[in-house]
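In what comes next, subunit A is part of two complexes: it sits with subunit B in the first one and with subunit C in the second one.
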Partner chain A sequence: MPSATLLTQSLITGVLAGALYGLLALGLSLSWGLLRLVNIGHFAMALLGAYLTWYLGSALGIPPYVSGPVIVAAFFLYGVALHWVFMRFRVAEMASMLITFSIAVFLESVIQALWTADFRRYETAWASSSVVVGPFFVPTLNLAAAIMASVLAVLTWAWLRWTYVGKALRAGAEDAPIAAAFGINHRRLSYILSGVCAAYAGVAGVFIALIATLAPSEIWTWVGVVFAVVIIGRLGNPLGALAGGVLIGACEATTMAVADPAWAPLVSFSVLIALLLFKPRWI
Partner chain B sequence: MSGIRPLPALVVLALAALLVAVPALGLPAFYVSFLYVACNWVSLATSWAMLSGYAGYWSFGHAAFFGVGVYAAGTLAAKLGVPFLLTIPAAAALSALLGAAVGFVVFRVKRLRGELFALMTISVTAVVATIISNTPIDGGSGVYLIGVALPELFGSQNGTIYLLGLGMAVIAMASSYAVAHSRLGLGLFAIHDDEDVAEVKGVPTFRYKLAAFALSAAIAGAVGAVYSIYVSYVTVSETFEITVTMYPVVMTILGGARNWAGPALGAVIVTSALYGLASGPQAYLGRGAIAIGLVLVILLLPQGVLTSIVNLWHRRHPRRIVVPSRVAPAIATPPRSGPAAVALDCRGVTKAFGGIQALKGVTLAVNAGEILGLVGPNGSGKSTLINVITGHYPIDRGSIAFEGARIDALPAHRVAALGIARSYQIPRPFNHLSVLDNVALAARFGTAHQPGGEAAAEAMHWLDYTGLAAKAADLPQQLNLHERKFLELARALAARPRLLLLDEVMSGLNPGEIDAALRLVRDIRDGGTTIVFVEHLMRAVVALSDRVAVLNEGALIALGTPQETMRDAEVVSVYLGKAHVA
Partner chain C sequence: MSGTSMSWSRRGVIAGLAGLASVGTSRVLRAAPSGAPIRVGQTLSLTGPFAQTGLVHKLTSEIFVAQLNAKDGLLGRPVEYVLLDDQSKPDVARTLYERLVTSDKVDFILGPYGTAAILAAMGVAQRYKKIFIQNTMGVPSMATYEWHFSALVSGDKPDKTLPELLYAAYDSTGHPPKSIAIVSNKYPSALFMASGTEKAFAAREVKVVAHLEYEVGNRDYGAIAARIKDANPDLLWVGCLGVEGNQILEALGQLQYKPPRHYYLYPSSGPLALLPAADGAVSLTNFEDVAPYNTTPVGAEFTRLFHEKALAASLPFPYADSQAANEYAGWQILTTAVEATKSLDDAKLAAWLNDATIDTIVGRRDFKGKWHTSSRDQEDLRQIQNGKWVAVWPKEHATPGVKLLAP
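Right, the complex of A and B next:
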């Protein structure tokens, strides 16, 4: 059994990693819950964002605080375009899954073609810096990612809760024809939301580039965990996505500390399966 | 017509003989290997489609079941010395068990059925891969099957492996054909179109999905076992590769998901394309191209190649339906425990949705053989009452008994089997099944549980009865509202119910059609069926009902003959406002 200090340290790491899961889950949860579109391509977009950040930074010397906003804006446009395709061809939920799955596979081969399958690491000055709190180290970049995830989750929650756009989106997700009868232009709003979701993939991508080692196949390592987070946090609920991410992150870190790190992928599924077995109505 | 038939059969036989004889032809190993790989994908795609194509539950975890088969065979044959041919059924059994276990967990969740299933299957792949690579099953270094002995047919091990692969493809396609033409298949197709309605019409949806999933997984496992000896060195990263999951999906969608031969056609097309385009180190480019191809196919040809061809054929050569000579009796099947005076007995039935009390302790007995009109303002709980009687929603408190036996805890398909059928206010036909199949399904899964041929004859009888016989081969979208309402009725009648719940069959009909419907309902009652009907049209209520029950805000406020209830002060105030109460 590891010491209390070690356990707390790994718990801190886990919570921070979990916040990144939450950041990834945010865009997915919104498009699944409010647009009824399951976007597996979200992960591929996040990784593409990460590669772009790394490439612009290490090859062209453009720092992430400059490239980041550009990437996020471009991804917003991609989200709008993707939604146009979905609307144009009246794509249903299951078909959206298969299409975005194909987009993910396509982007994986694009990334591999452009930057090969080798591991890539974005070396920055902040990479090794940490905030020291007592005996514990809190890596600066992970902390920044967690803060960003929390800020976005809270802002999105407030946006959906209190603004007209948010209320209209929730009404449209509940019953689109009735919402339309009350004068809600769900189509236009859904373009905005799809753009926002893709932009969140961009935000996540920038932080992934700063924190993690990149490889094209990384796309698939997130799929299971993050979808588990989305379901545990309840669809369309931004705060739930964050909380679910932190929960899973903490559980994984604890598992890694007390058992073999290789077993970590099982944690999120165990939590999810337990939830489905004992509380099937949660979903 | 019969003159053309033998030709395709001959062609198929010749092709089959050729395929079996391939190892003896002395072809270069490359071709034998290509044919094996094609068979491998034909089997995987066909097995994937048995649940995912037919019932519409898309699995993204076929690699998990395939991989369990690969490692089961590897472990048994290479490490424990089990003869290789015996490892194939063992692999199939293990994969089937895993499939059934996953299905048992996921299929219980009613909301988000398809999507949740898809995501869970992605997760299962990751879990299985993690377990295998972290335990001595693989240990991170892979498993060699080089020394495993294999009976040699046609003088080479390659030939034997190819024949095993061909055998798997034949088994997979034969199973898929058998399923598609069975009760199970009909049930799965109905689940695809509208799972709730399928359950209410008597399809045991949970069991059927589980069975299809287990069968699909079993075949994938057996295919994996054969694959292990083909590659002779198995690793986690290659076995559980994303393409193993992705290709069967692509192939099935390309070929046609609802046709038993569609996945095989798709598999042959994709495998040939891959061998031509994307072998060697540039394989990822081929993957990318296939992904884009898949997007285009889903957007432009959502039904798949084979289904599109079949539909085109049928447009030129319309299906002819032979009207069966035997006319089914228009009598309901006799009750199992003798005639009961009270057919349906609801006591204190309570149902809430969140904070809304839809039913507040409704107590209502329906006598055998009567026509009971159920009226009340919109939102008074009429449809909810029908939904809880048929088992679609569980009740919170109270009890519901049918012919003396409690039914409130039974799943909807069991309630249907006892002899309760309903129609839907807004018609909910199975959109991809023909009008005839829609009705035949009700006959096959209803009270009488008729075998296929008889069910079709019975269905034809009810289509005739409701005036839809000429439309038997059409799809439900081709019917107008009036015809769709009568399709609902025919579906309910084909189940041969002893209690029939009709939800606003008259709304939207013109006066002539209403007269026809009134006659029809009386005829049905005279055949021995008890009828509860929800209706806003007072002319119909007064003309038909022996008794009328009035619901308001989830409570029963009046019950009696039509004349009594229409004069009841509370009823008048609910309908017309307090000022009109005399």
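Right, the complex of A and C next:
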């Protein structure tokens, strides 16, 4: 049986890793839940954001707190443009999955062509630094990512719940014709939301660059777990995405601490299956 | 014909003669390869999770073929390298080898990268009775095809000989490890070696304080790092692929823990060498861009060419290592067999290789081991010292002035 210290330490790292899942899931969940677009390209955009952060930082010496806002703004514009294409060609939910899958494959090739398939690591002074709390170590960058994920999830939730734009977006997703009858221009508002989703991919990318080693194929390593997080957290629910990520991260870490680490993916997906079978109210 | 044109013609003859002379004595008598090319087909993981290593193999093959064609080619004919991308997927590799043999009609095939893809491709080679030379198969006993030949020099029992080599190296320092933690990817060859290491070290009464296995594509190493720190072994043995070793070391660094001695099975050489926390890390090798490997004529030329090509390809760590050298050795084995038999017949080549001893870039080797592996394990150990891989064991193969650091 592992010691309490080992178990707690594992939980800390698991929760922080889960928050990063939540950060990645945020844009995907909003896009799927409120725009009815399943954007697999979200993962590729996040990795592109990570590569841009790494490249601007390593090659040009531009720190992430400077490059990050520029990347996020550029990604917002990309999101708006992508949505224009989807609207122009009336892309449906299933078709969006295929199209964005193609975008992901295309971006993977672009990344490899630009920066080769070799591993890239953005070395910073914070890479191995931790906040020490008694016998426990809290990795600084993972903590920063978790804080960012929490702030964005809460702000997005508040935006959707209390602002006119948020309410209109939710109403449009719920029943577009009725929302339109009340004067809501869902099409116009959906451009904003699509931009926000892509911008969140940029935010996730900045933190992935700081935390992880980059390779073009990394796009696909996140897909399974983040989809599970989105479903657990309920589509279009920002707080749910964060909670789902933390739940999966904690389950994986606990499994790794008490059993063979190879069981971790099985346990997290078992949690997903169990939740789908018993259907708690929030799913 | 005008006088001017006569003059130009004369000048042309003189220039031609001067040009011939400038080719140099070494090439005057050498005929450029001519005739229909001999086609050699291969798939590599140019995309997907193993693309980093696939690129190293691609550059190496291109260097070898360029060197070959710059001389006499093969049997006086040019060699054409037909390379396809298997996307790091064994099923794709199998399909592409079918294509290479049946559609592209290559004369020879060389094995892809990685145990799983090799097994998939070997089935195709067996079906079409093609000689099959590979250089990255981690589990020799699975290569049962009679015309399979391994370019590796790790013998037929690497799960027994390599742990012995590692123990002997640490034992030579006067204080061998008393405990070991084994952390391994579930990839077949990594598990195979992890199991052998556990048995070998347990037989030496080294206490196995942890044996952890993780899935391919594992994302978070925080909990694994916590367990390693909790176990606090004298030696951390990591059955890693690619940058997993980096990820484990970074996770350990976040817990402010550094293993006193640490070994990595199949690391990505460049990223690990460039990680400050990896100083002192040990791994297998049979070739590096350091003495004694790069002081032979072939080794010196190859490391120079690889360095140039890797820089042009923007590789962050532009130095040849055993991955590159094993690919080079595979080509040497194939071309030596063709030249010796003066034949493109797979059966003749296989028969000749059965009893052959060949000088390769990774040393003189034969195929007398089971499953056509080398008859003895000729692997060495390397260690990261001051951000660079150097050879440390056995002593007679160590880089001059270097010894194994074992705190």
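The definition used in the following text is that the second predicted complex is superposed on the first by the 277 of 283 C-alpha atoms of A that agree within 3 Å, B and C clash if a C-alpha of one lies under 4 Å from a C-alpha of the other, contacts with A are read in each partner's own complex, and residues count from 1 in each chain.
Basically, contacts are C-beta pairs under 8 Å (C-beta built on N, C-alpha and C of every residue); 3 or more make two chains touch, one makes a residue touch a chain.
Computed from a predicted structure; not experimentally measured.
Visitor: Based on the shared subunit A superposition, would you classify subunit B and subunit C as clashing or fitting together?
Guide: The answer is clash.
Visitor: Considering only touches as defined above, state whether A:Pro265 meets subunit B (first), subunit C (second), both or neither.
Guide: So A:Pro265 meets both subunit B and subunit C here.
Visitor: With the two complexes superposed on chain A, say which partner A:Ala257 touches: subunit B (first), subunit C (second), both, or neither.
Guide: A:Ala257: touches subunit C, not subunit B.
Visitor: Quick check on the superposed pair: does A:Phe119 touch subunit B, subunit C, both, or neither? Answer first, second, both or neither.
Guide: A:Phe119 sits against subunit C, while subunit B stays out of touch.
Visitor: Does the superposition put A:Leu98 against subunit B (first), subunit C (second), both, or neither?
Guide: Touch status of A:Leu98: first partner only.
Visitor: Taking the superposition as given, does A:Ser31 touch the first partner, subunit B, the second, subunit C, both, or neither?
Guide: After superposition on chain A, A:Ser31 lies in contact with neither partner.
Visitor: So in the superposed three-chain picture, is A:Thr156 touching just subunit B, just subunit C, both, or none of them (first/second/both/neither)?
Guide: neither
Visitor: Have a look at where A:Asn237 lands relative to subunit B and subunit C in the superposition and call it first, second, both or neither.
Guide: A:Asn237: touches no partner chain.
Visitor: Which holds for A:Ser67: it touches subunit B only (first), subunit C only (second), both, or neither?
Guide: A:Ser67: touches no partner chain.
Visitor: Considering only touches as defined above, state whether A:Gly249 meets subunit B (first), subunit C (second), both or neither.
Guide: Second partner only.
Visitor: Common interface residues of subunit A with subunit B and subunit C?
Guide: Shared contact residues on subunit A (touching subunit B in one complex, subunit C in the other): 108-109, 112, 117, 260, 262, 265.
Visitor: Where on subunit B is subunit A touching in the complex?
Guide: On the subunit B side, the touching residues are 56, 58, 60, 105-106, 108-112, 114-116, 118-120, 122-124, 126-127, 130-131, 133-134, 242, 246, 249, 253, 284-285, 287-288, 290-292, 294-295, 298-299, 302.
Visitor: Where on subunit C does subunit A make contact in their complex?
Guide: Counting only subunit C, the residues touching subunit A are 46-49, 51-52, 54-55, 88, 186, 212-215, 217-220, 222-227, 230, 242-243, 246-247, 250-251, 253-256, 268, 270-271, 274-275, 277, 313-317.
Visitor: Which part of subunit A faces subunit B closely enough to touch in the complex?
Guide: 32, 38, 85, 89, 91, 93-95, 97-99, 101-103, 105-106, 108-110, 112-113, 117, 220, 223-224, 227-228, 231, 235, 260, 262-263, 265-266, 268-269, 272-273, 276-277, 280, 283
Visitor: Please give the residue numbers of subunit A that touch subunit C in the complex, ascending.
Guide: Result: residues 2-3, 5-6, 9-10, 12-14, 16-17, 108-109, 112, 115-121, 127-130, 132, 137, 139, 142, 212-213, 215-217, 221-222, 225, 249, 252-254, 256-257, 260-262, 264-265 of subunit A touch subunit C.
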